[in-house]
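Should a chain be cited, it is by its letter among A, B and C, assigned in written order, with residues numbered from 1 in that chain.
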Amino acid sequence: MSDSLSRRSFLSLAGGTAVALAGLGLVGCGGSSSSSSSDSSAKSLSGTVNCSGATSFQPLVEAAAKKFEDENPDVTIAITGGGSGQGLSDVRDGKAQIGRSDVFAEEKLDASDAKALTDNTVCVVGMGPIVNSNVDVDDLTTDQLKGIFTGQITDWSEVGGTAGKIQVIERKAGSGTRATFEAAVLGGESAPADFAPVAEEDSSGTVVEKIQQTEGAISYLAFSYFDDTKFKALKVDGVEAKAENVCNGSFKIWAYEHMYTKDTDEVTQAFIDYMMSDEVQGSIVEEQGFIPANDMKVKKDASGTITNA
Amino acid sequence: MASETTAKQVGNDLGVDLDDHVKRIGRQDRVATGILTVIVAFVLLLLASIVAFILVKGLGKALTPGFLTTSPLADENPGISTEIFDSFYMLFITLLISVPISLGAATFLVEYAPDNWATKAASTAIETLSSLPSIVVGMFGSLFFVVTLGWGISIIAGAMALTMFNIPILVRVIQQALQDVPRSQRDAALAMGLTRWETTRHVLLPAAMPAIVTGIVISAGRVFGEAAALIFTSGSAAVNINFASANLSSPRNPWNIFRPAETLAVHIWKLKMEPTPGNDEIVWGTAAVLIICVLLFNILARVLGKALAKKMTSE
Amino acid sequence: MAKRLMPKKQLEGVGLTLTGACVLLVALIVITLIFMVAKQGLSAFFVDGINFFSFISGTSWVPSDGVYGALPLIVTSFGVMLLATLFTLPIALGSAIFVVEVQPGFGHRVFQPLVELLMGIPSVVYGLIGLTVVNSAMRAIFGEAAGTGAGILSGGIVLAVMILPTVTTLSIDGLAAVPNEYREGSYALGCTRWQTVWHVVLKSAMPSLMTAVILGMTRAFGEALAVQMVIGGVEKVMPAGLLSPAATLTTALTSGFSNATTGSIQYHALWALGLLLMAMSLVFILIIHIIGARGAKNRG
């Protein structure tokens, strides 16, 4: 145990240094209370687990699956993408044992279907507003953000910056990222129908490309994509967009990454357990810019209400 | 000189200056040729700059030691070895399915097809296939091959979707090649008492082979770059393949056609959509590899075609 | 002489059956495809009760909120297709004329292989270049009015480059198929090369040139990933101009599918878009057939 503890602290230190060097400041909150044992491979497992769905944390699951497969040579985790909708339908229809989603199942499926699924929140993803590097605003209040993303504030001078048109880059309606952002910033309202942003991208990739290129652009992204060399992350109500602020509840824009299961078999459960173990939570999750679910001191329900954990 | 005078006289008689007219149309001709030259130069420049742009952006990464041989799932310096294997394997399976079908269909249409509505409907069906948007083929594949036939997100489902693109291209190429075989060869074979089937197999197909092989390789290049249809049918995640695996039914066995796979083109799309820092380099590196593959396919097609033609004429 | 054991007639039967089966298989796949797309797409109207006319004429597409008006997508699809054709046509036609009429040797040995290479460049790669080069160029030219640079014009430009090789190659084939006697006759009458091209060659190659253009349009209409990267993706309002960000039928499909659960209204509505796309490509095929029949009539 002491061995695994020291490795964990070493990893978070190393990860923290690397990330701090990159200027991101994405340090986990530490103090994980999870103690699930990671050496579950005493008994040999075999079988195939199909895991489809959201692409946002697919690299994370891929990395964990590879390690799991290395430890259990007879197990295959077959990962496919397709998006949250696909993942939820696949697990509902029994086509996949695990359905990845970045929204609660209740938002996409019928209540009865959603109820039949087991929700495993493997990690948390923080999201923050980002702007083109030339924008000279560093901090926005939630109200200002709301004004910008509903089309009431259209010039940077209205929020304390140099005059210039605010170019709003939205995500596609229906995407998990947009739903999370709107729930936290617009308070459940949605932008008026006649407000047309300059782009409605359906991937974080095109958002990154366009935020870099477009003068005066604003959008929002998951922390895992933050890159100071390409664009600037804003503070919200004076709170920096980083992992520890999400953990302690001071930064409000975040969501769970879910791995839904139904009628779990032994291998699937073993893989889910592995995902929740320190081996994944303490290393891969943080390395990839996500926040271990166990570190959270607050929790959110499907309607977006935040309570203390 | 005499004719010029006459022309002038005729022109004067008609009240127009023919000399001037000749000059004008001559100038028109030169201007037109000039414009055409500029257009062609523009097209060549466009092509050169597209290829150069990709190579400049990606060749450095593509040539990094280990990029082509490291798994995309490696912890450090992930490469594209799985994608390269998947791309070629998927192409191989696609050709394995589409070449025989296309050969058969083209032979039927050229040699046997009765001139009736059924034949017309069949060739219209093939034409329809060629005009369908790849996304529609992908959607169909995701429903029919993946769900209805129960193949799941798999190489075989992807290969079938690619087959649907490939068949119309191949059928057209083979049809053309068969029709280009000189009529005398066909007549001679039939006159010797060979059936149409024998004529096709032993005379026409060998004679058309160089053109057919060139066509197949060029179509392979196009299939190689398809992404939209594959996202729905063969998936967008690389499998942790294990060449030591002896169990053909294991999804980790590289040769298992019922496992998911990710081709180079899909890899580019996926990484571009999920912009984890460091992805950009891999994206352009993969693009460079893809372009080089397509280049090689084109060269290979020409070399193979020429070599076959040479071998046949020398026989 | 084992081969001789099979009577000729039977052998012919084997050939006919084998090759006929291949054609039948292809036809069956096509029929299955048409049937399945139609079934899924039509269930949006007949099972889920979306009104067909409001589907076609509605000006806002927000499937996640249950708003299904496909008009902005339809308009944008046609918009980018026409723009692409407009940009490509003069270039494709010009280079085809150069290659066939001015420098046939260069055309055959150098130009055509290179253009075929352009055809082999994958659409995702065109999308990548569009995202980095074309979008920036739009902003450099039009400034703030271009927004992020993503929009219908960007989409049209990327598609123009993508369909250029198709239209060029087919135009070359069309021009090359014009019998040489026509040209010789024209030259014998004292016409210049340009006059010959303009009045004789282009006129008699018209049906095949039109086919070339329509096949290019078909490709532009159906392209998805490359357009998706450069067009901006705004589906909820009608595009206001060439610089407005917008979404085509194909991009709405690629982005919509990841958020829809199978069997839902949203899912069926997306299939209805697929049905529209398929119907359009059938219309294109029909047009090509009509042109072909007319051309045959004029010649005959």
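The rule is simple: a residue touches a chain if its C-beta (ideal position, glycine included) is under 8 Å from a C-beta of that chain, and two chains touch if they have at least 3 such contacts.
Chains and their UniProt names: A = Phosphate ABC transporter substrate-binding protein; B = Phosphate transport system permease protein PstA; C = Phosphate transport system permease protein.
From a predicted model like this one, the values you see are computed outputs, not experimental measurements.
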Smallest number of touch links from subunit A to reach subunit B?
1
Determine which of the two chain pairs, B-C or A-C, is joined by the larger number of C-beta pairs in contact.
B-C
Greatest Cα-centroid separation from subunit B: which chain?
A
Report the inter-chain centroid distance for subunit A and subunit C in whole angstrom, where each centroid is the mean of the CA atoms.
38
With chain centres taken as the means of their Cα atoms, state the distance from subunit B to subunit C in Å.
16
Touching two or more other chains, which residues of subunit B qualify?
231-232, 272
Quick check: what residues of subunit C touch more than one other chain, meaning two or more?
131, 229, 254, 257
Two or more other chains touching the same residue: where does that happen in subunit A?
55, 81-82, 206, 209
Would you mind writing out the residues of subunit A in touch with subunit B in their complex?
22, 48, 50, 52, 55-56, 58-59, 62-63, 65-66, 69, 76-82, 95, 203-209, 224-225, 227, 288-289
Can you list the subunit B residues touching subunit C in their complex?
25-26, 28-29, 32-33, 35-37, 39-40, 42-44, 46-47, 50-51, 53-54, 100-105, 107-109, 111-112, 121-122, 124-129, 131-137, 139-140, 143-144, 164, 167, 171, 193, 195-198, 200, 218, 221-222, 224-228, 231-232, 265, 268-269, 272, 283-284, 287, 290-291, 294-295, 297-298, 302
Listed in rising order, the residues of subunit C that touch subunit B in the complex are 8, 11-12, 14-16, 18-27, 29-34, 36-37, 40, 90-91, 94-95, 97-99, 102, 111, 113-125, 127-129, 131, 133, 161, 164, 168, 192-195, 197, 215, 218, 221-225, 229, 250, 253-254, 257, 271, 274, 277-278, 281-282, 284-285, 288-289
Please give the residue numbers of subunit B that touch subunit A in the complex, ascending.
73, 75, 147, 152-153, 231-232, 235-240, 250-252, 259-260, 270-277, 279
Mind pulling up the subunit C residues that touch subunit A in the complex?
60, 62-65, 131-132, 135-136, 139, 144, 147-150, 228-229, 232-237, 244-245, 247, 251, 254-264, 267
